[in-house]
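As written, the chains take the letters A, B, C, D and E, and residue 1 is the first residue of each chain.
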Amino acid sequence: ETDEILNVSYDPTRELYRDYNELFAQYWEKETGRKVNIRQSHGGSGKQARAVIDGLKADVVTLALAYDIDEISAQSKLIPPNWQQNLPRNSSPYTSTIVFLVRKGNPKGIKDWNDLIKPGVEVITPNPKTSGGARWNYLAAWGYVLNRELGDLKKINNPENAAEVNAAEKKAQEFIAELYKHVPVLDSGARGATTTFAQRGIGDVLLAWENEAFLSINQLGADKFDIVVPPISILAEPPVAVVDKVVDKRGTRKIAEAYLKYLYSPEAQRLAARHFYRPAYPEKADPADIARFAKTKLFTIDEVFGGWRKAQKAHFFDGGIFDRIYQPGYK
Amino acid sequence: MFINILKSTDKRPGLNPPLIVNMAITVIALGFLFLFVIMPLIIVLKEAFSAGLSLWWASISEKDALAALRLTLLVAAIAVPVNLVFGLAASWALAKFRFKGKSLIITLIDLPFAVSPVVSGLIYVLLFGLHGWFGPWLAEHDLQIIFAVPGIVLATVFVTFPFVARELIPLMSEQGTDEEQAALSLGASGWQTFRRVTLPNIKWGLMYGIILCNARAMGEFGAVSVVSGHIRGETNTLPLQVEVLYNEYNFVAAFAVASLLAGLALVTLALKSIVEWKSKHD
Amino acid sequence: MSIILKNISKTFGDFHALKDINIEFQSGELTALLGPSGSGKTTLLRIVAGLEEADRNANADILFDSRTVTSSPVNRRQVGFVFQHYALFRHMTVFENIAFGLRVKPRDERPSKQDIKDKVNELLRLVQMETMAGRYPSQLSGGQRQRIALARALAIEPKVLLLDEPFGALDAQVRAELRRWLRKLHDTLHVTSIFVTHDQEEALEVADRIVVMNCGAIEQIGTPNEVFHRPATEFVMQFLGDVNVFHGRIESDSAIFNEVVPLTKNRENAARLLVRPHDLTIQSTPGDGPALPAKVYRVLTAGPIVKVELIDRHNRLIQVHLSHDGYNQTMVKLHEEVYLVPRESRVYANNDAWTGAYVI
Amino acid sequence: MSIILKNISKTFGDFHALKDINIEFQSGELTALLGPSGSGKTTLLRIVAGLEEADRNANADILFDSRTVTSSPVNRRQVGFVFQHYALFRHMTVFENIAFGLRVKPRDERPSKQDIKDKVNELLRLVQMETMAGRYPSQLSGGQRQRIALARALAIEPKVLLLDEPFGALDAQVRAELRRWLRKLHDTLHVTSIFVTHDQEEALEVADRIVVMNCGAIEQIGTPNEVFHRPATEFVMQFLGDVNVFHGRIESDSAIFNEVVPLTKNRENAARLLVRPHDLTIQSTPGDGPALPAKVYRVLTAGPIVKVELIDRHNRLIQVHLSHDGYNQTMVKLHEEVYLVPRESRVYANNDAWTGAYVI
Amino acid sequence: MSFRFKESSVLPGFGLSLGYTLLYLGLIVLLPLSALVFKSSELGFSGFFKTILDPRVLASFKLTFGASLIAAAVNVVFGTIVAWFLVRIRFPGKRLIDAIVDLPFALPTAVSGITLAMLYSPNGKLGIFLQSIGIKVAFTQLGITIALIFIGLPFVIRTVQPALEEMDRELEEAASSLGASRTQTLTKVILPLLLPPIITGFTLAFARAVGEYGSVIFIAGNMPMKTEITSLLIITKLEQYDYAGATAIAVAMLLVSLAMILLINLFQSWSGKHSGR
């Protein structure tokens, strides 16, 4: 007799969840004496969300951005709107951030976001319209400019500073426009961009998730690339959620909830750190692993953009700010 | 035999271009094929074996890869015969009879070629997805079509739909209906006529259609990707497995699996060549 | 088995390929359908076989031994059909081609393997092709293919044998040989046979009866002697062998051929005198009766008959065929002026036979 | 232009299609290449045209008006070639087909558009196809296609016209008509022409000279009268028209035909008596000279000549052709016993003509 | 003349086979495609046109159809040459080459894309060379065209090859005996006769190229207005959960392709009837 659940996840988490699933299975058997078989699905985060909306029977989703789970909730009502409050830390058991992957020795001397728009620097980042990862890159750059202009990101949500914020946003828009002028190729996904940078030898810097930057170095050669962590960046929070309607129908709620909850356990946190994710509770992980993560100032989506849905609407929808970069005057 | 290199296959004078022209044609043809077919194939193989034979073997004998292989073969084993039957019926109706509106039907048969693979998957989502036409009914009866094997089969059938029919229609029109009429006049039933006279006459074209259909069925990525659900070891076909491996920065394994696919396709082609060669030498 | 066609018509689109055909084919007879290209021979044969449907019409009917078969499909009619271009199954050996009709019989009627083998071998002997059983059609010559097509049709022991230009695509040599062979075969089997041809010599030599067709209608039905010696219409006369045509006109009671008649004028009372080349004798003097003056233009003595070509007063070519003996007696010389006397001739006025007097 | 072939051989693999051919084709003559299928006629014609290369050989040569052309390619030889299956360009209209040869001329030799048009129209008139200029080959009958193929070949004003079985695939009717027409055309144009045929009647009627081929070698060259009336070999005699063959044997000084000779035995001194059907007379009594007893088996009176089929003592079929007059005089009856007297005959022993005595 | 849907024939099974064809066509192709059309109709008339007349969509149409036409045309030229080589020239190992031609069908499109990008990127085997002579392939419209050439390559070869094999060589001999040079024979006789299979190959290669996604995006660069293909825009819409917008673009694309293929097929059957093929 085995329990079975389906975890619909996004792309480069396969190794993490392979280890975690094993871990959880042992835990679960010890707890309940029952075996569990966790089926695993990986793909682009948005594509996976759409699959769930269209009927892929996921018990839990572990995606790249909260927006995708928000959409599942909004479009299919499979998940309640307040799902993010069901688990600690915005339902993100592990986090990451956006870093720069540069060529060995950092020949162009790239240290901070501002260096990206220096003349002659080519930046590789995927298309935010098709890649969730690319949206993080974009928003990190945006947040950097606001922080630089305002000095304190808290001002954003204070109506008194509206004018100042407005001016800062203008600057941000200019910066972003300039940044994308330095982008020679818009790959459709994060993996494609990594290939473009690492294997095609195009560009001087790749904007990437920290964990993926580590993976690239491991896979493609530590002698070829360096990781540069900018002084400020965004806190990428890949969220997890139980798909209520599905687990209720399948009678797997208990195990699905346990599956996600256990992600916060010391064992799982250690595992996440080993797979280059910043654990929600660093203290529970192996210090050697934690030491690999450079200290940097991290801001959240909620702080700067008021949540994913707002960010998405303002920046990435048709006619949003991103479109206007390529089509001036576009509405 | 090497004396004959680059000579024309036909030795009649006055018709055949001088050796230099043949040489130019050969260079252009081989150059084109080299750039567009052989180089890519070499790259695939080089990457696949870049980490040694054992890693290649490990990559393709891994559990998920084997499951993907099984699924790919299963899907091809359903989609190809289904389209085969359709191709035979369509070419019988379209090639052996004269009626109005033929061009339109042939165009509709071509249509799946013109549909973007993503859209080819999407249309089945629109039909069978939770919010699609038949979705609610299917959900009620707990039937799963997309994000399961049936959906993958359907999408594959769609994208490989035209191959057999397209191959057979011109061939069968060319052959006319004389032999069929003769069979009927000898007392054969319609089915006997088809099986004993029509079918043997088109067997080469049919084989070719099957091979192309099969190659595409096993290689299809875009459409299947939309309806698969990407469940590891369950609904990942080989092309999807390639993508999964690639996306998790496992480059070598991705190309190892890709080389397996190329190998599968070449095996069917080699089989065809053998059969052809044998029947020629009978 | 006798075959009766009643009021059979066939239209393709708005083209009338057959116009109200009525014939009876006698049991055991070998009938030739003779006519120019496009006259509807094939169409008629295909309708008999059931390969084509006649126009629907209350009076139309096809009877095999007085049973109507109008609605029975081709594979139930038990007719042996030999196609003009053989339509052999190219992927089957000669043996398999012949055995086909036996192999597709319903299981309870199907002969045993051994019986099929015996039967096919017997047929191969009949068509003198015993040694070729294992060959494919592409490895046979035209005459051999023809014989296999015939054997294949005979295998199902048809009550009726239909042959569409069975010797159409063959050499003159092979043709003459097969022609004799078909006659012998028919005499052995005595199955009702109809064959299509546009070669009058073939029809005259092989058939018991000849049906002459033109433009979808029947011009004459009769024995070879009847159609050759007593043609019912001008068309039949012209179609059955070489003919010299002289143009003249009807004047009061007689047909006049001794003047130059412009072809376009006086259409209404136009008359034509038809004489076969072997029905003209050559004389050096006009003699008593009617005689046509002409000049010898070319003499072909090579061959079994001597062909003399002459030019008449109106500068038209006239052909005279003589036996070598006859030629040696007359001793015509090139460019000599001679007189032609018709032994036998026919006059037509407005396509009707003219029985009145005529003047050459 | 005269054409001379010297020591021409052609092998395909190890098959000798032509064996050391030597001929001269006279300027302005119409020559027929006559022979059975596979005898090398097409190969020879193709070698003349330059479509095929003869075996390389120091003595081999092809001369057009005494200039060697061995190494000039087909498109420089200025020969008009008419293919057996016409080889019309199916994507071009009749007009375009005929104009093709003019349009592909080098720019400085190419006629103006108007000249091309005039020339093509003239040729269309010549082949009597003025009204069909806009049609595609698929819309033409066989005879019409043939004529277009001819017109196309004539458009380039060839010095030599080569025709490969020009009437091969046509009806007997159309064939006879085109045959006469070709002869007339040749008489008008006087271009050196060679045509291939396997129909002896055609060769005899049309050609000035006939080259009889067999197994890649030439059997006889001569005028129609020469090859028909004085055949050099048994093969020529048999190939040129119907022949009755009687088997006998040579004994001391004479050839004996009055006994039954098993075909397989006594091969060495086998003899054959060849008599054409029109060279036999039928008598009701043996008479004085040699006469063959036979029984009348079938009489065909329909047609320009009467064909009598008889069975001889050895149960073999004998054909006798009579004129209607001759038939009326002899008045044979079915199954009657009669005697056949050869007027003219040839005896061959071991393929050589036998000039000694013979006994029937 | 009375209207006749079908000319009479003794062959059985017309109703059954045509019925099955139409049923299957309806179920597998038309029903799903009608769902596509239906979904796009959610936008309403003006919404539909607003979506497909968006400058970016129009630019992608221009690129997609343009590059597909060029790729199909290139395939016509080189495919015909390759077919000629395979049929008319003796070469050792030709069978092997013959077998390899179908590879583009067998490779998953994504693998093709990655592989081509590897070859043509500035540091790729061919890219280095091309870069040195000043040609940039990867991430340009040229790159897109190259990917489309790759995936459509077998079509022209496989349609021209059998036609060339069966071509009556007497026609060439006839042309040559009429004084035509080899070039004239080629351009005036051989090529016109090969036109129907070439057109078929062109149609199929073109149709396939228009819809292609996987093999293109890795080499395309995907720059809006410049190297963004229509299929990518469809994905973009889907990423925004804009199904209606995505289907609208797909429908527009489909209609254009359908019209073009129908025209070509009609032309084919017209010219076939015309010259009696």
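Just so it is clear, contacts are C-beta pairs under 8 Å (C-beta built on N, C-alpha and C of every residue); 3 or more make two chains touch, one makes a residue touch a chain.
Please read all numbers here as calculations on a predicted model, not as lab measurements.
The chains touching subunit C as well as subunit E are B, D.
Of all chain pairs in this entry, the one linked by the most C-beta contacts is B-E. One inter-chain figure worth recording: subunit A and subunit C are separated by 90 Å, centre to centre, where each centre is the mean of the chain's CA atoms.
Taking each chain's centre as the mean of its C-alpha atoms, subunit D lies 54 Å from subunit E. Centre-to-centre, using mean CA coordinates, subunit A is 38 Å away from subunit B.
Residue positions 47, 53, 75 of subunit A each touch two or more of the other chains.
Residues of subunit E in contact with at least two other chains: 10, 12, 114, 118, 173, 176, 235, 238.
Across the assembly, subunit D contributes 50-51, 73-75 as residues in contact with two or more other chains. Residue ranges of subunit D in contact with subunit E, taken from their complex: 49-51, 73-81, 83, 85, 87-92, 100-101, 103-105, 136-139, 152-153, 155-156.
Interface residues of subunit B facing subunit A in the complex, by the touch rule stated above, are 125, 128-132, 135, 139, 144, 146-147, 225-226, 229-235, 244, 246-251. Those residues of subunit E whose C-beta lies close enough to touch subunit C in the complex are 1, 4, 8, 10, 12. The residues of subunit E lying in touch with subunit B in their complex are 5-7, 9-14, 16-18, 20-22, 24-25, 28-33, 35-36, 38-39, 78, 81-82, 84-92, 95, 97-112, 114-116, 118-119, 125-126, 146, 149-150, 153-154, 158, 169, 172-173, 176, 182, 185, 200, 203-204, 207-208, 210-214, 230-231, 234-235, 238, 243, 246-247, 250, 253-254, 257-258, 261-262, 265-266, 268-269.
On the side of subunit D, the complex with subunit C involves touching residues 36-37, 141, 169, 171-173, 176, 198-201, 204-205, 223-225, 227-229, 241-242, 276-278, 300-305, 307, 321, 323-326.
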